[in-house]
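Both complexes below contain chain A, partnered by chain B and then by chain C.
Right, the complex of A and B next:
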């Protein structure tokens, strides 16, 4: 019987682009190329009602999706109430609500 | 003697005229304002050396005066063609070449209503700060000293919502410069700069940024302020995302300063009507970005300064010389 000393092996935290499958991310960007123009200013997150009350961070979630980190993205996007304030402030004119819907549609099974 | 009409008597126009006069050509500066100097008249000190703007302006003006360059002030141009301009009053002035040095316009911060400029007290633009520095008194609306000041970068730049996609380039360093000036005036105040990217493109700019961080203890927060609102005690509450920590941020400040960008000059559409090309940003399109950067697509019409893109004063002075050289080359051939 193996003895447990209470140690576990942690999964590496690095975003491993070699390992991540960017196919879904490419599909998303093909449908909404304007998402690539994001300068990460965070105005969307600053006005976000959900983000002021929960851990939800739209900028972070879509950036992770673009890096091929799909785990949990669908659940995160479910926190969005689709109020559209983020779309009003986005200096790049990105259809942010459309991004939420698109990610939910593409990543429902992750 | 060959005569060259120069539209605009700011930094670019004066430098172009000086260089042409040195080479024995007769320049004529047509300036819409009552005096020479352009936007430089409104600035206090220049980055990165904190040289008084009046020093540069005074020197350029006195050189123009010493050379006896002909200047028409309070004169507005309506239309341009190769070798002539038509004024608003209908008069036509002929010459051998035309150089357009009509510069840029300032972005009107009232368009970004969410920041409350012109609606709430204690929201200022970078131009207001320069003016107050020149007047010798920077203060809040009630005359008190600010204890906390926030600068917001990229107001009217890189912003699709107000049709200004381009980067105005000089606001970043202006924000750093003014933050340092505020800290000099109000050492007890906390100064925050809200930025998207810090673009320190010129010599000495990065060093200045470093000094602002290290010696002046100015705080740099990476995030765009999404809205500003007045508080009950007359301060300004701002909201942003602190993107480097990934959390929403809010704070109230005594002064909010909007670093307004450069937009294309309002007379540019008139030049376009004369067959000259414009860029998507509204600035005039030079013939190309390298060997033809001071030439328009029409022979005999040249550009210098911020009429083609946002530039700093050093670059503008250089372009005045470059444009004059191109004009001289053209005059030799014609």
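Right, the complex of A and C next:
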């Protein structure tokens, strides 16, 4: 019985953009170009109502989507309650609620 | 006496097409109404509601009282066309009876009576009356032409950009009455008679034009008149002029208690096709006046929805502030229609969605009074702290529903069209309130307030906005504030004012503390702060532009503090001004005795 210290080994998390299909990502960025101005500060996630109750992480999901990692993005975005606090705190003024709905619209079948 | 001439043909064809199409439309809409709505109609029919609906039809469909309220000249223009034409038909009918007694006369016989009645002895009273009415209608047509050139004279900064079909119908309508004037005058020129208008013009024509030419001209004029009528009638059911006949059943159905809801229904057709595309909704729209967005206003939204060309972008781009609905002369429920369009375009029922809403109760405290801060108040801790001080000062035992984080009320999701998913939150929060046995629910967020009152089933729990609650505490003597010389101005949040009809309570609270200065547009006409959760289409910069324009109006009052009663409005307006922006709770907490 190994002693469990509460640490685990993370799976490799390298994202190979050359292998990912960026078509959907490009479409999303074309419709919402302001998403490229995200500085990844995480304020959206810090104030998130859904993030307060679950592991939902808006910054993570939209960053992964932009990198072409679409798996599970729709289900994750479905945790959002669209309350709009993230939009108020975003230092870049990104229309975050619009991003949530856009990602859901584009990635509904992933 | 025969009542047929070849020129009647365009009119007859037009009238048949029009009435057949209208009957088919009405029939199919009524047939597709939900069963509950059909029952409402049946139950309402034998009651006095039918009478009051009929009276409203006279007031609104004929006299256009509500347009008079927008602008008297605009009202006169619409009334002269609608009521004038109605009187022409009604008095024309009486005229036929007076001449021929009670006998069957085909429709074209009534409409073109002047043409057929040349052999009869003239009755000057009717000649005068009909000419007077024609002049009445012609004055409306002249004003309509003038409105094309200079709409500001009728209080309209901007008018609707019409589609081709509407333009054809509009042109036909404009030429009907001048054509009638010419046709009747020519007949008078040949056969005599006519009142001060057609008679005089006819006499002048007879003196200046050769009789042989007059005969040809008369025939041509009646052909033109009949063709204008026919063209207008064919275009009517497919153009904006369908409103003439749709507003009447709409008024009746409204009196029987039919309403649009967050799901599309057959009743919506009555509302959509009752839109006359007058464009009165364009001027109050801040997306137009501040951001120069010209294709999303209610008139264009309804038009696109009616012709099945509605795009998500158009449906989304609306603050749902309700300023247009406040002005709409037909009283169309514009926000609900936009909401159920969004539902149709975006609602994806998902059983498993939000299944994490279990065991997330982080509420604290015990008390019969519950306080629901709402997401936006949690992001505005000053309001929360002020409420805490107020509760303490008044000695109220409070149950804090979501101080340490809670579940959204569901309204933002509903506003985006995901109605079915929003029900999960509604259900969760309802159970939470019931579990803790509260009897009063106070919220400082008007967005939450509205959904609590409209969508939640909270029987036995009184839902109050904090403005109402504060006033109640102050009136009952549990909360005492000091009155000073400070000058405040108040911004009406859309969801609180137009949405929930709460205008006086916040004002009474402010007046207990200091002097209240009203901005130029206030109460029902108050501006939107621009950050409405209903709009997911405009950018941050555009929101800021809206906030600046609202703040400028509030600053113009000269008040030292801008007060509002919505955490979202507070955050939005504060971005647009140097003046201090406070919530109602903050100023009360500051002035506690």
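Here is the rule we use: the second predicted complex is superposed on the first by the 97 of 110 C-alpha atoms of A that agree within 3 Å, B and C clash if a C-alpha of one lies under 4 Å from a C-alpha of the other, contacts with A are read in each partner's own complex, and residues count from 1 in each chain.
Operating definition for what follows: a contact is a pair of C-beta atoms (placed from the backbone, for glycine too) under 8 Å apart; a residue touches a chain by one contact, two chains touch by 3 or more.
All figures in this text were calculated on a predicted structure; none of them were measured in a lab.
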item: Superposed partners chain B and chain C on chain A - clash or fit; value: fit
item: Most chain A residues touched (candidates chain B, chain C); value: C
item: Which superposed partner A:54 touches (first chain B, second chain C, both, neither); value: second
item: Chain B versus chain C as contact partner of A:46, first or second or both or neither; value: first
item: Which superposed partner A:78 touches (first chain B, second chain C, both, neither); value: second
item: Partner chain(s) touched by A:29 [first = chain B, second = chain C, both, neither]; value: neither
item: Contacts of A:97 with chain B and chain C, given as first, second, both or neither; value: second
item: Shortest CA-CA distance between chain B and chain C [superposed frame, angstrom]; value: 6
item: Footprint overlap on chain A, where chain B in one structure and chain C in the other make contact; value: 47, 52, 89-90, 92-93
item: Complex contact set, residues of chain A against chain B; value: 39-48, 51-52, 57, 59-60, 89-93
item: Residues on chain C engaged by chain A in the complex (per definition of touch); value: 346, 348, 350, 353-354, 356-357, 360, 375-376, 378-379, 405-408, 410, 412-413, 416, 418, 421, 425, 531, 533, 536-541, 544, 568, 571
item: Touching residues on chain B, where the partner in the complex is chain A; value: 114, 154, 158-161, 196-197, 222-227, 239-243, 246-249
item: Chain A residues within the chain C interface of the complex; value: 34, 47, 49, 52-54, 78-79, 81-85, 87-90, 92-95, 97-98, 101, 108
